[in-house]
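The letters A, B, C, D, E and F name the chains in turn, as written, and every chain counts its residues from 1.
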């Protein structure tokens, strides 16, 4: 299953129109999100994606466009979406060459005001919910406690690793279904957050709060300590959901093969980080594999499993980002605005984000 | 009235302490303290009385106190807890007797009184004597010395004329300048007979209310005696007890769901033939307040939810109540029968929704042995799953099904709306057991009320 | 004490008695009844005064007085011990830490 | 996915042993339920199923055995399991011929005492739970209400048809996940039951209580009335779960193609009755099909999606049924017992269940 | 003491009705009824008094009543609701003045009294006069005629000696057989000065407590006067008011979190320099009882849950409270800010867990316009999401973020544990607003208390 | 009325006053203060009796008496109207049907 989300939904189109913007969309682009062309009023449809790229002043996208598409863009035009800024030097170069003003929503500053534009957060919520469902659906056991005529089934134990946006949502969802949930994160402030959802926090004695609400990478010693304590919790759980991520880097490898080997037969692992390398040793992105008697699932494109609402959220985020600068159908960016300047990847042929610049060595 | 300042001041303090003591006794938290205070005050009052100027017969007095106090103390000490009510009755009767005795002395001595005082004297004497003989009858009934409620033929007429005669003779005697010995004797004989006749037809189950009423009477009698002999401490203590006793009688009657007038007059009119004598094998109700008290002062409560809890959507309230009890130090567990509700796991879903932690939820096998140790089994909208018929009656459709042994708990409280049967449509033998009481009402409301009362018990 | 003063005292004492116990929980009904039974045992002092003022020569007075004091003392002593025992059974359970989730 | 359940679990094996019974099991039979041979103590393992059938006095099974297996059984031996009594005349004949005492758990009388033996109930609970998860997992929408930084997502509407054991469990599970649930059943007493789970009951004005806790078939007129009102509810829901069944007959067809056509794009239908013909027109048993923009899922072997707990429940049910009659390792059936006599399909060469006899025309 | 039986009986009834009236006024349900009863009793008492045997100066009396009553009635009728407290103060002062006046007449007439009565006469006069002048000062302060709390240098000494002098002169005058005009004048002058000096240094914010205290004083003065002139109705009404007034003063002080001694003595010792004058822009606390009353008697309450509710796990309690309010006819809605809590949908999960129906939950856009119509916005453990700084302060990290307009509600109640900041770590301007009160405590407990009080308001 | 009787009346009245209002909700503090302010307006009848017994010839007595009655009447009338208005604002909200789920 690939990308099924769309970067506008009919409601949001209406709002763009109210701001005087004109919309051009590839015909059939919304089908996979159950949004037929007929559901969009006041939108011009283009037969091909290329036509859209060539004509637009501002391009909204979900995933980064392919090289041909970027090449087709008007110089000086604005590109907006999840551009995976860390993943491809070539793409960033292309943006610079074409003089494209590219906003990578992954770079959005994590300040309160910008939360309504935060695609990582909104899609993280979707992903957390979905991963909990995947775990429940694949588990050979009931999640909730259940007393039936011939006995009682004890509730399943679910372990969630990484209590960011997605992790918390996974915790909440697993709890709702009825599981007993434990969770773990390196950032110490997550303890209270985990507990506020009625789950138990696993204390490993390792704390690693980074900046901007993200986590930092751990030292080897810390990793060993963490692993020690975690291994025990992993061995006891019926389902394991891992959501740990580090911005701009491959996902941390937290669950080793040895830990998997100690898990109960029939246990389920859902590795939400499969896309970026996986938190679990042996995960295959986009596939399910049996390791001994443990099912390890490495779902990709998780928010696309719920395209209707994921698209709605994403579309609103993008709109909230760009709409303050649309006046009478024209775009006027305010470079003083910390949100704009902070999430800008390239502008006027230059790379604007110091972190990415350094990481890509440009 | 003695004019001794010290004695009077002491009496004043005693009166204040009595009031404070009674107030303290009205709350579970301070009740112990209350009786101890009052006890000290009583000792103080007694000692101080010896300082009354012009007191004669002190030797006799001491003897009477030692004998009376000693006998009562000893009998009160050895009596079984379950026999307490009759002891209260008999002690109360003695108080009434003492009041009557004071009146008798005044009459025999022929102390002249003004109109109001004479009236109070007669009233106090009558009430005291009635309280005395009535309490003796109540005692005899509760002690099992008198097992049947005895109704005279023409009870109404007897009561009426006896009352009339007693008051007539009493007032005559009280207003007379120097009443004759026989009149006085007749007066007290009539009053004593009245007490017997009034209490005789009342059934044993209603006795606590009657005792409370007689207790209030004695209070009034004491208060009136206080007026007669001019002692404000007696007035205040007596009237305070009289008033609080009246209220208490009402509260008790309400808690037992027996309006006072039914208790006192039903036997007179003969309307309620059962007369309140507890019939074995009926369903008995209890109030939300009693349910709250039973649980709050228990050690261990096991809650048995059933389909009725689901219908009422009462799970949140039930859990709230359980938490309150736990805060009060009561151990609470939920017992889930395998087939409670209408689907497997029905109760689990609801309890989870309410936030009951898994470690408080036990299934039949885990918990069935614990019921015998539980003070209260609270059955909420469950029926078939606690029906002991399943153990005993081969012909029953649920015969052989394992049930929750709620009936083995010390007290069983069943919350349901009315006489509705369960899924299997059969009668539930549990509801008729001696240790079982019904709390009628939809579970949501009933438990809501229990919660309020549990809270009222915390201070 | 004149009639009106008596009336006022009566009225106020009745109010006080009523208010003081107006919120008693059911579980305390019997102990409170017993406790108030004890309180009217104060009739003892009335009986003492009566006996104390009885004619030492008149055996009838003495006998009645003796009985009255005897009964009053029994009321007080028995009322106390019974109430004390009832309330002794009565202990407010210790508070534990409650907690929701 | 086929049958993954097993008719004993280690705990239950222990109980059989305590009663003095000897157990013989096909090696590897429990693998699909995550029960390796090594987890069973005191059990003899046979290399093939045939060996088991040939040797046993009492045969426990989940599904009806194949013809060869029945043929291999000892005459007079006892067979116990879900034998699908209505589905195959041939199999019943075979039982009779071989003089097999066959207990079909589907025939178990629905009396309170027998509930602990009721496999239909226990497996129904599993199925209801699973179907709700399947619906949630396949829905392109969130089930619960969710307020996020850029807006609010309203809770999904789930409609459950058939409020028997499975239906109620589906209702409870969907509610847990956060959906608004409506439900419908022909038996009027289900209204209160549905409401006791916090769901809304749809009143169509058609009541059809049958005997023994099952429903009866509807008249044409009733069907039309029902359909009218249902169609409206179906059109509004985001997910539809159907669980209606009639004992010994094909599942009632409740949702016609016209109703599906009126559903929202992206709606999901889970037809639990797919195995027996489906409540929904167009269901394909064991497959997912798109009808217009509606995904219709016809899962089969649903309890096998949760083999660990399903096996545990099933094994206990069977044990509760047969154990009262095992004394010192020998079976002594009490034909006076209404449970035994009521669920007996064939005994001593005769068909014992009048309903089946009539239905199969034997 | 007049010996007219009819008048006395009427007074007795009046006293009883006053007590019943006060009792009724202590409960929201019957309060209206209570004042009306008391009103009838007062009229009755006044009329009956004209029947007192040997009454002179009836014309003058009627004139005084008509004038005094008329002026007070009119002024009481037209005054703004917000100015009520000072009216209570001034009327109370008048009552004190009347009591002092009665004493003055007795003194001037030189009626001989025994020791106790003389003492009570002096005490009543002093207390009445102090209540009079003190109340006048209180009135002046509240009315804004006197804006500063004025402390004399050596306030302590002045108070002490003035008190001493007043009592000295007072007792001398009262015990004297025929006190001279000047002494009497001096006595009252001193007493009046004492009232002024005592109340002067107390700040406006504490005035309600002071008025209540003066009110209790007046009650006592009236009661004492009753003893002096032998009128039991005055005694009973006065003392009942005195006692209940003392209790009420204590309750008020507790509700305002200002121990009485701080109010009365702080200005004396000069310890609390702020003197209670409400400083603009501080956080103000309120009690759970007040929170309950505000909501229970409101029309519409909007609840704003935040991360703190999640931390406390208070969702079940909050929903229970909301239900109670709804049962009482209050409209309750939940307002969820898009980023309340720590994950998208954090509040949804919790409210769903507690069983809050979806149709009571609104998001920012749906509900923000409704705050202006709400009587109470109850903010539970939320902080950043209701911080008005986001609207105004460009430099704030949350500037530009839409917030819930809780500050536009008539009253805002904020439940939080202490001074903890929210996620963004900044101060919240809402907490300092005039219409905002803090209810400190972990949400679970705080709301639990509110629930108890809401229940207490139901009868 | 002798001193002890007075003491008893005092004590009982104080108890009554205390108990009668001991469970007042905060919202009623001010109205109740105002109400009890009205009740001690009964000082009016004391003032009336005092004025009624004042020497009609002595202008000082008459003046003081007049003022006392004036003040007493003002206390009663003002106290009533103010309390009435406060409590008039105060209405117990009607009960709606509540329901959990």
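As a working rule, a residue touches a chain if its C-beta (ideal position, glycine included) is under 8 Å from a C-beta of that chain, and two chains touch if they have at least 3 such contacts.
The structure presented is a predicted model; accordingly, all values stated were derived computationally and were not measured.
Common neighbours of subunit A and subunit D under the contact rule above are B, E. The chain with its C-alpha centre at the largest distance from the centre of subunit B is A. Two chain pairs, B-F and E-F, are weighed by contacting C-beta pairs, with E-F ahead.
Chain centres here are C-alpha means, and the one lying farthest from subunit E is D. Each chain gets one centre point, the mean of its Cα atoms, and the points for subunit A and subunit B are 68 Å apart. Each chain gets a centre from the mean of its Cα atoms; for subunit A and subunit F, those two points are 71 Å apart.
Once the centre of each chain is set as its mean CA position, subunit A and subunit E turn out to be 57 Å apart.
Of all residues in subunit A, those touching 2 or more other chains are 115-116, 121-122, 125, 144, 146, 148-151, 176, 178, 198, listed in ascending order.
Residue positions 19, 232, 235-236, 313, 316, 338-339, 344-345, 349, 352-353, 355 of subunit E each touch two or more of the other chains. Counting partner chains per residue, subunit C shows two or more touched chains at residues 1, 5, 8-9, 12-13, 15-16, 20, 23, 100-101. All chain pairs that count as touching, in label order, are A-B, A-D, A-E, B-C, B-D, B-E, B-F, C-E, C-F, D-E, E-F. The part of subunit A that touches subunit E in the complex is made up of residues 111-113, 115-116, 121-122, 124-125, 128, 165, 168-169, 172, 175-176, 192-193, 195-198.
Subunit D makes touch with subunit A in their complex at residues 33-36, 115-118, 121-122, 125-126, 129-130, 133-134, 136-137, 139-142, 144, 146, 148-151, 153, 173, 176-178, 265-266, 293, 305-309, 312-313, 316-317, 320.
On the side of subunit E, the complex with subunit B involves touching residues 316, 319-320, 353-355, 452, 455.
Residues 1, 5, 8-9, 12-13, 15-16, 19-20, 23 of subunit C are the ones touching subunit F in the complex. Subunit B meets subunit F in the complex at residues 8, 12, 15-16, 19, 232, 235-236, 313-314, 316-317, 444.
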